[in-house]
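All chains are identified by letter, namely A, B, C and D, in their written order; residue positions are counted from 1 within each chain.
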Amino acid sequence: MNKSLILIQCRDEVGLVALISGVLAHHHLNITAMREFVDETSNHFFARIDCVGAVPEEKLLYAALREKLPELSEVVINPNPEKRIAILVTKEYHCLADSLVRNHFNTLGAKVCCVAGNYDHLESFTKGFNVPFHHVDHQNKSKEEFEKELLDVLTPYKPDYVILAKFMRILSPEFVDRFRGRIINIHHSFLPAFIGASPYRQAFERGVKLIGATAHFVTSDLDEGPIIMQRTIPVNHTFGVAEMVKAGKEIEKAVLSRAMQLVFEDRVFINGNKTIIFE
Amino acid sequence: MNKSLILIQCRDEVGLVALISGVLAHHHLNITAMREFVDETSNHFFARIDCVGAVPEEKLLYAALREKLPELSEVVINPNPEKRIAILVTKEYHCLADSLVRNHFNTLGAKVCCVAGNYDHLESFTKGFNVPFHHVDHQNKSKEEFEKELLDVLTPYKPDYVILAKFMRILSPEFVDRFRGRIINIHHSFLPAFIGASPYRQAFERGVKLIGATAHFVTSDLDEGPIIMQRTIPVNHTFGVAEMVKAGKEIEKAVLSRAMQLVFEDRVFINGNKTIIFE
Amino acid sequence: MNKSLILIQCRDEVGLVALISGVLAHHHLNITAMREFVDETSNHFFARIDCVGAVPEEKLLYAALREKLPELSEVVINPNPEKRIAILVTKEYHCLADSLVRNHFNTLGAKVCCVAGNYDHLESFTKGFNVPFHHVDHQNKSKEEFEKELLDVLTPYKPDYVILAKFMRILSPEFVDRFRGRIINIHHSFLPAFIGASPYRQAFERGVKLIGATAHFVTSDLDEGPIIMQRTIPVNHTFGVAEMVKAGKEIEKAVLSRAMQLVFEDRVFINGNKTIIFE
Amino acid sequence: MNKSLILIQCRDEVGLVALISGVLAHHHLNITAMREFVDETSNHFFARIDCVGAVPEEKLLYAALREKLPELSEVVINPNPEKRIAILVTKEYHCLADSLVRNHFNTLGAKVCCVAGNYDHLESFTKGFNVPFHHVDHQNKSKEEFEKELLDVLTPYKPDYVILAKFMRILSPEFVDRFRGRIINIHHSFLPAFIGASPYRQAFERGVKLIGATAHFVTSDLDEGPIIMQRTIPVNHTFGVAEMVKAGKEIEKAVLSRAMQLVFEDRVFINGNKTIIFE
């Protein structure tokens, strides 16, 4: 008995679950887990369905679903289980290392096809894992030139996702558009608190008792993309900026790692500037 | 457009979701949220379905579902949204007070029909909320006599659930059987750690760095019933037993409250010695 | 053997701990726990000292400490262990009820001397606990008039602290000044996120995955006072605004309660726009 | 101005803080942070003192402190800030990798001098970080022989601590005695729940809603040594054993990492079968 995964999003209407499950039953697929959600604001329906059964002819199943579902529906049957990712970094190692280690032991749920950095600090470390590293210097060139070079480096790898693992450059809307809904960033605050530069310094100066991290999809609005995952940890008056940065790295790493896992397991739908996550 | 809630548990088989959703669509009910789970060990299927639509004739819908589902299925359509509960206490007020306050402001999701205590310490407090209090003394009588008195007090109120809100007497299997799957206890440890008496003293002596609380259904095996909710909080070397007890009360209260909410919203299924919770 | 508590804040200089502990030893007081912190930015020293020993003549001990410590030091010996508090409310009951219940059972660590509300919704509930309730209507009068009435109500009770338990009026700098460093507010977001009105609506629209609450001292800058305690809880795409409000109430209650406990146990020092907390 | 760290443990008596701080002031050391705790059960005093000042002659300072403190006091001035550690592993990589990465970037707070495994699964991975790996096979030999080989491997490295990073062999009391108070283990449950084998299977069968991890010092009583750090995370009915193992690895890694950091920063005192931690 094979397992299949089906992802659906479409305009909501009466009887959708009946309709979908009817098609699946007709193809002798047993639903073992089904998660669905209707966003009543946008009248949109989202579903993630695990089935078991004799493998159907995927094309026929796809056609059968599309025929019955409303116009403009998106249906994905058995999305590629091993995504390809490119990781962008600057100088900080903690998020990169976490992904490289998991990649090395085949537990990342994706394949790291390359790492690119605007500095070369992490080059030898990356190469030690037999992963290609590209140094794309951002100095003495326009953002346009820099991003063109970056694209030239990334494109041949055909990454499904681009991961900003503490990549400290702001990407242009044009670059973001090239990987629409496929760039994931880790931001070192619990957004929307401390948008912008030096969030730990802002946190220190405000005297907060929690610091946090946020993994989100990148859109052309800086720090405003759909949030995937957030977590906070307590701090106290003995934490200076350096201690906050140090403690923050631990949750940045954990939050990005968990967000990637959710995305790579096809549990995350983008719904406008929000996400729907079927954990 | 009315909302309906449907709960189903039955033997698993291929096409159940299709079958169920087909019946619902036939009755012009639109599924807005469906949560289901198949326990592969026991081959059992559990579902919680929110629908909207013109109110169907419940009896017809029930018959239609039962007819199509496997034998021995349990189907509940629109379970009573306001459960009646009886609360048993000894001397500690924190869990009782939390429920009485919510009951007073109609946010408990259930109706407290009475409180019974083996001491009378909480009598005037309870009556201040216009809730009947019954003092059923356990002293100088056998457990059988005590429980008979307790049953005589509780029975007229026809409670859907009996809540042990820090009730420090162990109930006999016979008593438990009278409210099978309908007694909820708050245990002052993260079970199965520190089963039995004085868990905070045990925790202190072991030098743990976390203490916890567990809300569970009561079965005839003490501290072994299906767990609904657990939470822990950090402690450190400065905590003596008294400080642990004090900190523990806060999570006991929160855990019991959340467990009751889940049960009263019909989100909890008992599956052998475990629970399935559709949060 | 009696227990004493000594609180000190002063300009930092070499040998302060030696100096202080020397004075205490001279008075035959044994230090059982000492917490101190030096804020290097402001060069300020803070200490909280638990001692045991034959009760010294407090005035002599005070004089001995003040004589040895730098100018402008603040020394408090055995602060009043039972603070008097006034609670201000609007319509929401959850924070008020929590304090009234603890007050009733003498576990609040303070005495609720009165409750005042700009609506009368919580009047009978408060009086049920034998606590005076004053309805100070804010309608059809200027803020000045409203606050004058409020002050007239509160002043006779001589409260040590004023607790804003979901009090939905903004207090003027003049009012705040009357209780400088002694007004505690519970804000329904993890500040500085969602400053201002309707934080849960803002949180919903931003699609955050955490909501939070913040207890802070009130200053003339709205939402900018020194933070005492913050906590967050996870939310997900199934939470509408109403569900966030409901879940939020649980942490508002818990955060305010814990913040009050810390303040009433004299564990909190105000240090500019931050707090130092010796937990 | 240099920083110094002083650790003291001794029998408690009146005036200890005064006495200690007097000696430090005499040596022109300013106390910037002092943490102390008196265990009233054992009448034992523990202190961790941060000072700044012109570097004193350490021997003179040591002699001055020992002279004034009770007999049998332990005084450590400026403990070695870079501990040497040996890591023992079996087949699981997650804890080892975390330490090797931090070691590589000099953020572990200790130096990994070697890794030894009873299997060779992690050999090439370890060597990729330029850290020696020793395969000490446990098969076809007595525990005595195995441990003798292990000791022969470890001894030349003179490790300050031995870290059991998912090392799945039980060490004999004789071996443990060789590194008394210096072996740290990560146990994959929130002790004392699920002592012994297969804690995740036990957790799954019990239907718990939390799983956890515990870092503790190893003593001759299996799973009974002083606990340094514990953490739990929520699980639900959808978690099988494999999902619990996977989720558990994340907290095992985080808990061991945090425990090591606390130990390497000299924040942990062993007090009988408990720990005192000055975070």
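Everything that follows uses one rule, which is that a contact is a pair of C-beta atoms (placed from the backbone, for glycine too) under 8 Å apart; a residue touches a chain by one contact, two chains touch by 3 or more.
By chain, with names taken from UniProt: A, B, C, D = Formyltetrahydrofolate deformylase.
Remember, predicted model here, so these are calculated numbers, not experimental data.
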For chain B and chain D, the touch-path distance in steps comes out at 1
Of A-C and B-C, the pair with more C-beta contacts is A-C
Turning chain C onto chain D by a C-alpha fit takes a rotation, in degrees to the nearest 5, of 180
Dist(centroid_CA(chain B), centroid_CA(chain C)) in Å evaluates to 35
Dist(centroid_CA(chain A), centroid_CA(chain C)) in Å evaluates to 41
Where chain C touches two or more other chains at once, the residues are 33, 37, 238
Seen from chain B, its contact residues with chain D in the complex are 37, 39, 190-194, 206-210, 212, 226-232, 236-238, 271, 273-277, 279
The answer for chain A against chain D in the complex is residues 33, 93, 97-98, 101, 104-105, 125, 128-129, 238, 250, 254, 257
Listed in rising order, chain A residues that touch chain B in their complex are 13-22, 24-25, 28, 30-38, 53
